[in-house]
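Here's the structure we're looking at; comments come further down.
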Amino acid sequence: MPTLTVNRQEIEVADGATVLDAAKACGLEIPTLCHHRGVPSAGACRICVVEATSRGRTRLIASCAYPAEEGLVVQTESERIKRSRKMTLELLLARCPESERIQEMARELGVDTPRFKTENRNQKCIMCGLCVRVCNQVIGVGAVCFSGRGQTREVVTPYKELSDVCIGCGACAVVCPTGCIDPAEFRDKLLERIPNEFNCGFDSRRSIYVPFPQAVPNKPVIDRENCIHFRTGGCGACAQICPAGAIDYEAEDEFTEEKVGAIVVTTGYQLYNPAAYEEYGYGRYPDVVTSLEFERMVSASGPTGGNVYRPSTFEYDDDGKIVGGEKPMVCVFVKCVGSREEVKHKPYCSNICCMYTAKHTMLYEHKVHDGQAFVFYMDVRAPGKNYEQFVRRVAKEKTATYIRGRVAKIFPRNGKMVVWGADTLSGNQVEIDADLVVLAAAVVPSSGAVDLAQKLRIGYDEHEFFNEAHPKLRPVETNTAGIFLAGACQAPRDIPETVAQASGAAAKALGLVVRDEYEREPIVACVDENTCNACFNCEPVCAYGAIGEKEIRDRKGNLVKIVAEVNPGLCQGCGACAVTCRSNSIEVEGFTDAELYAEIDALVP
Amino acid sequence: MPKIRPEDLEAIAMRMRRQAKLRDGTARARVTVHMGTCGIAAGARKIMTALMSAMEEQGVDDVTLTTSGCAGLCSREPMMTVEIQGEAPVKYVNLDENKTRVIFTEHVLGGNIVADYALGVGSERVA
Amino acid sequence: MEAIQTTSTADDDEQTTFEPRIVAFLCNWCSYAGADLAGTSRLGYPPNIRIVKLPCTGRVDPLFILKAFERGADMVLVSGCHPGDCHYTSGNYHARRKLPTFRSLLEFMGIDPRRFQMSWVSAAQGGKWSQVVADITALATELGPFEYFERIRDNRN
Amino acid sequence: MAEQTSPPTAHHVGRAQLLVCAGTGCVSGRSLKVREALLEEIDKRGLKDEVKIVATGCQGFCAQGPIMIFQPDGIFYQKLKPEDVPLLVEEHLIKGRPVEKFMYVPSAGEPPIPKLSDIDFFNKQRLIVLRNRGLIDPEKIDEYIGREGYQALAKVLASMTPEEVIDEMTRSGLRGRGGAGFPTGVKWGFTRKAPGDDKCIICNADEGDPGAFMDRSIIESDPFSVLEGMAIGAYAIGASHGYVYIREEYPLAMERLHIAIDQAREYGLLGEDIFGCGLNFDISVFRGAGAFVCGEETSLISSLEGRMPEPRVRPPFPAQSGVWNMPTNINNVETWANVPVIMRRGAEWFSSIGTDTSKGTKVFSVVGNVNNTGLVEVPMGTTLREIVFGIGGGIPNGRKFKAVQTGGPSGGCIPASLLDLTIDYERLGEVGSIMGSGGLIVMDERTCMVDVARYFLEFLVDESCGKCTPCREGVAQMHGILERICAGQGRDDDIEMLIELAEYVKDSSLCALGGTAPNPVLSTLKYFRDEYTAHIADGKCPAGVCKALIQYSISADACKGCTKCARVCPVGAITGAKKQPHTLDRSKCIKCGACYESCSFDAVLVE
């Protein structure tokens, strides 16, 4: 922590600070050009010169690059400094008369027209090298460099060609003090925008981002695949800017082990991919969207700020945010996309689509007052409390026209999406020129549900929804003690159901963990110590490691024999050991050989 | 060559000094052509070639022909130093092939210093 | 069990019709629950099956199967969880390795190996359970009464 | 050579060797009898073990036979007779007095040949760095060892701690010969004390000044002295690796350096466990691609690391963080070559040479309008006059001395009035020049000082790396003004503007290249301002150099009609009959100056 004197003021600064930092800490303004926070300083432009005295010698030094040394005496205002800065700007202005930044700075120092002329005038570049430094030292790429020296020095890309090493991060354009790098020149090299997953990819996000507004914890995360630091080792801008020093690139995903008494599985659901219906063209036509995508669009905190636009007409700003688009005047909602389709898709009813589609038509009407909504449906299922009334309201208020029938084909024509469908009530074929088509895709379990089920030893059905222990009597429990289910991981469920089930699962879990003593099924294995001959064939078959050794000693403490021993806390009572035991010395309580033989006897008299 | 130890230095030095003093019986005279970049640029290689061919033609085998770096007086290159056994070295300057042959015949073989071409006799003072 | 008899009433009429006796060893966690589900779902299946509930197919001792045959079962079924889904991690794998080996031993003993069947029925497969039972009952009917042990017993007597 | 290196250890091979010629000429002159007499006499005096008598082949001086050479003294005896032997043995061998009457006396008729020690070029020099020049074959390490090479390293490793070496260097007062003159011992001390597991030393052989060739010459004629100096430095500093940063344009020097390094490695004088004393040190040669700015330490490091040569802000100094962030000590070739001598002969001896503040000698490359151009080594404190007129032999063609430029492009011009300036770092700085690495350019009256300044600035504009604004833009602007002045378009305020820019560039530049770039302008302005004024105000170039400002004419009085000028004129602007005064047609004249140079009668006038 060196202490130095700046304009007669003593100041202590952090190790590694520069004179410029020290001056700033004193509240002094020093003009800079080739300095940028987050880029190593070079002291090249010499605008930031100050007088520094050390070891009895006073010199002009570049404050942006000169380390704040112990005992240094710095003067930031003097005639000498003023003369130097003025001349620097005069020379730079002679070189770059067009640059507004230079003009402005020159005016501040009282330079109107330079007394000099340069041959290669009308440049904007002042050769400060910030772009070169940020590209090489910060981003770690090396897509721009200097070529030549002295007057012939210029900033170029290698071999003056747009090089493959450029990752199009645009950092050079950001740091350029005179704005002479136009990102348009390498527009096609610009980083691919990173789709914002939470907004279904409608807009983009940065490689450090808060996953979604309600995320818990509500903290940014780094997307390593896209982060420049992880790609090139450079950048690190977030770490430099974070005042809390919270960015840690070294942090790795870690496995933490927790001992728990109960697990509530709530892995939820995802939408069935409607691309499976080739005739609907989802994925090929941007104006065919899923209900979830529509949901994000109508959300006030969503990518369009709550406006409904046709995705094919999205207008983006430089940051990749959607700022406008064309409002869809005709909107078609198609229900049961994937649900109740035994042959090719999912046989079950997804339970929630009827209600949310009714809601969507209402929201659409709120956003596009004079828009027309059509709903293709098979049945309207509204069994919940007040659900029927809600659907009726939609029909009554004519927010949407309900057409009973399936949609056969969706295809673009003249900028519209043509929807061919059947009206089974009138027996007519229907054709609608739509601006937007919303597919109410089926609810399917989250990907990875099976892996988790196998880890947890819980059952699942052919659609990969998790099995409850009993559909009526134990709906939130699984067959594995201590593991409970809630929500759409078990079957398509709407919010009230999910909340109710989650409350039930929580109560069950609490009931398990609040007790002082653990009660368990009495069905555990036990060893007949008299007959056990300690072959330990039972040991490898036990999946729980419940078999141990027990020494039997006489009263004098002499070892009589060793036998197998079952830890009843670990044993789950599967009985694999009982079958393996050659001397019939292990039995499972409640399922002993004798009991089973008796049972067989009784069954086959 | 094996690694040498401090005590080996003296043996090497003695050997070299014997050679330098031309008393190992094999050489009667030594001719040093100064071949720094300045000398080479002025034509020292030609001088060297001339000396070598003169030696070959006349079947001389008791003269050591050697090179060294710049002798300092670059404006008078090419230069060479002729050292007859037991005599002070003589420096010749502004040489060409003809002069070299004359010096070789007259001085190296004949023992008579060619005064017209010589700069001086003796060695430089080393601090 | 809520299974109800829905097979043809013709069986009642014809006393001579052979009704096979089938002993099934079911895993408590899957097939047994599957059978239960078949009941709660009101699925019908032949009533010839007699179920022994076990914690796991891994608990099935081959001697149980022999015991069942000895007692006069016409067919034995072992049904458990699908591979990978064992409640006890690996019990059904033990069964899957052990019991087919035992099956070949049956042939050596002179028992038609078709009289011993295995199946994987999960707790959610009520339908599959009823199908499995129907299938093996049909097979048992086709194979006819199993009288091997009875003959041995009779000879001995 | 015998008088230069008295072998301190003659007893190793006996007290003396008597080389008796047994060639045909001498044998016929009874040299074998002389030999027998010698044997007998020596045996009689019991010196048989100490004195060796060698019969040699013909020594070529048959006319003077029989002859004998008395070693180690190198005394040449001639026309010996057997009866002379007892006297000779008594006087020379026993009493150590050479017997003059037997010695060779050149005949009176021989033309007088000057001794080197009587020639000014040589006798005013004092050779430390160049101690082996012309004496050793630079491609044979044995020859270097033969001239006490590697004695210093042996001594240092055997008997001194690194601290003692640094202390010795500090006391010697040696200052960096690269130009800035920082005390070498102090610099070594910084690097030694800097924290770091490994350290690095660099020999800066990127000699970029126009007309300077000290470093090249040292490496070409005595590469081992540099290697030995670096090995000593490595031991003192604690470095395991050294680089020689040498410019690509020096192929011969590079080749000799490689040979020298190979030979040193074979002898184990580079590599692991040098001299068996545990010192591990090796040297790599790095070829610089020829940028003047690489002479600057931080640029050199940058170049060495494979980046563009650009200086950076110091601190941190290379001693703290240099090559690949290792503490790094950079010294120039001449500095390293001084090290072995200082270690061998001691700091006291070295510091006895030179002035109060500048010790030892300095090597200069003397070039320009001077009779003897070449490489000279003089003690610090020698006057410029001695170098220019003594060693340099004065100005050719009887012209007048005008100025001497020291320190390369960054140095300044020193006028005739300061010829008696004694050379050391401080004095040169005081007059607005620098020591630099040792370039010394002599200029005569036909040199235009504005043009000189313009020339050096052109060089600097070309060589500026372009990193910082003052050097890149400022020097270019100054150069533009000088071009303007030389073209006869100078403006009244140009001198003021030059001074303003010069002060700015000097004050605000990032590195020493920029910091010293205005020196040629400032020093010429200081001493030759009238020439600038003549260019601007009178439209004349007093030295007759700047073409836009001069006119040639032929003086009818002086012209003898030799036709030489008419023959050399490339455009046929000069006409005239033989032996008649010639005339020059100014409308055709392109002012090339060929006639001016060729005229032997000074009849071509320039105004």
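Each chain gets a letter, A, B, C and D, in the order it is written, and its residues are counted from 1.
In this text, a residue touches a chain if its C-beta (ideal position, glycine included) is under 8 Å from a C-beta of that chain, and two chains touch if they have at least 3 such contacts.
Worth saying up front: this structure is predicted, and the values here are computed from it rather than measured.
Undergrad: Between chain B and chain C, how many steps is the shortest route if every step has to go to a touching chain?
TA: 3
Undergrad: Would you indicate which pair of chains has the most C-beta pairs in contact?
TA: Greatest number of C-beta pairs in contact occurs for B-D.
Undergrad: What whole-number Å value describes the gap between the mean CA coordinates of chain A and chain C?
TA: From the centre of chain A to the centre of chain C is 51 Å.
Undergrad: Counting in whole Å, what is the centre-to-centre distance of chain A and chain D, each centre being its mean C-alpha position?
TA: Taking the mean C-alpha position of each chain, the two centres sit 69 Å apart.
Undergrad: With centres defined as the mean C-alpha position, give me the chain A-chain B separation in Å.
TA: 82
Undergrad: How many angstrom lie between the CA centroids of chain B and chain D, rounded to a whole number?
TA: 21
Undergrad: Scan chain C for residues touching two or more other chains and write them down.
TA: Within chain C, no residue touches at least two other chains.
Undergrad: Using the touch rule from the top of the page, what residues of chain A touch 2 or more other chains?
TA: none
Undergrad: In chain B, which residues are in touch with two or more of the other chains?
TA: In chain B, no residue touches two or more other chains.
Undergrad: Answer with line, ring, star, complete or other to describe the graph linking chains that touch.
TA: line
Undergrad: Of all possible chain pairs, which ones touch?
TA: A-C, A-D, B-D
Undergrad: Spell out the residues on chain A that touch chain D in their complex, using ranges where they run on.
TA: Contacts found on chain A: 41-47, 49, 60-62, 65-67, 69, 80, 83-84, 87-88, 91-92, 94-95, 115-116, 118, 126-127, 129, 145-146, 148-153.
Undergrad: List the residues on chain D that touch chain B in their complex, please.
TA: 1-5, 7, 9, 12-13, 17, 19, 54, 56-61, 63, 69, 71-72, 74, 76, 110-119, 121-123, 125-128, 130-131, 133-139, 142-143, 145-148, 150-151, 154, 157-158, 213, 216-217, 220-222, 250, 252-253, 256, 266-269, 273, 275-276, 353, 361, 365, 371-377, 379
Undergrad: Show which residues of chain D lie in contact with chain A when the two form their complex.
TA: Residues 291, 293, 308, 312-313, 315-316, 461-470, 472-474, 476-477, 480, 497, 500-501, 504, 507-510 of chain D touch chain A in their complex.
Undergrad: Going by the contact rule at the top, pick out the chain B residues touching chain D in the complex.
TA: Those in contact with chain D are residues 1-6, 9-10, 12-17, 19-21, 23, 25-26, 28-29, 32, 34, 36-38, 40, 62, 66-76, 81, 84-91, 109, 111-113, 115, 118-127.
Undergrad: Could you pull out which chain A residues touch chain C in their complex?
TA: Contacts found on chain A: 453-454, 457, 459-462, 467, 470-472, 479-480, 523, 541, 543-544, 572-576, 578-580, 588, 591, 593, 596-597, 599-601, 603-605.
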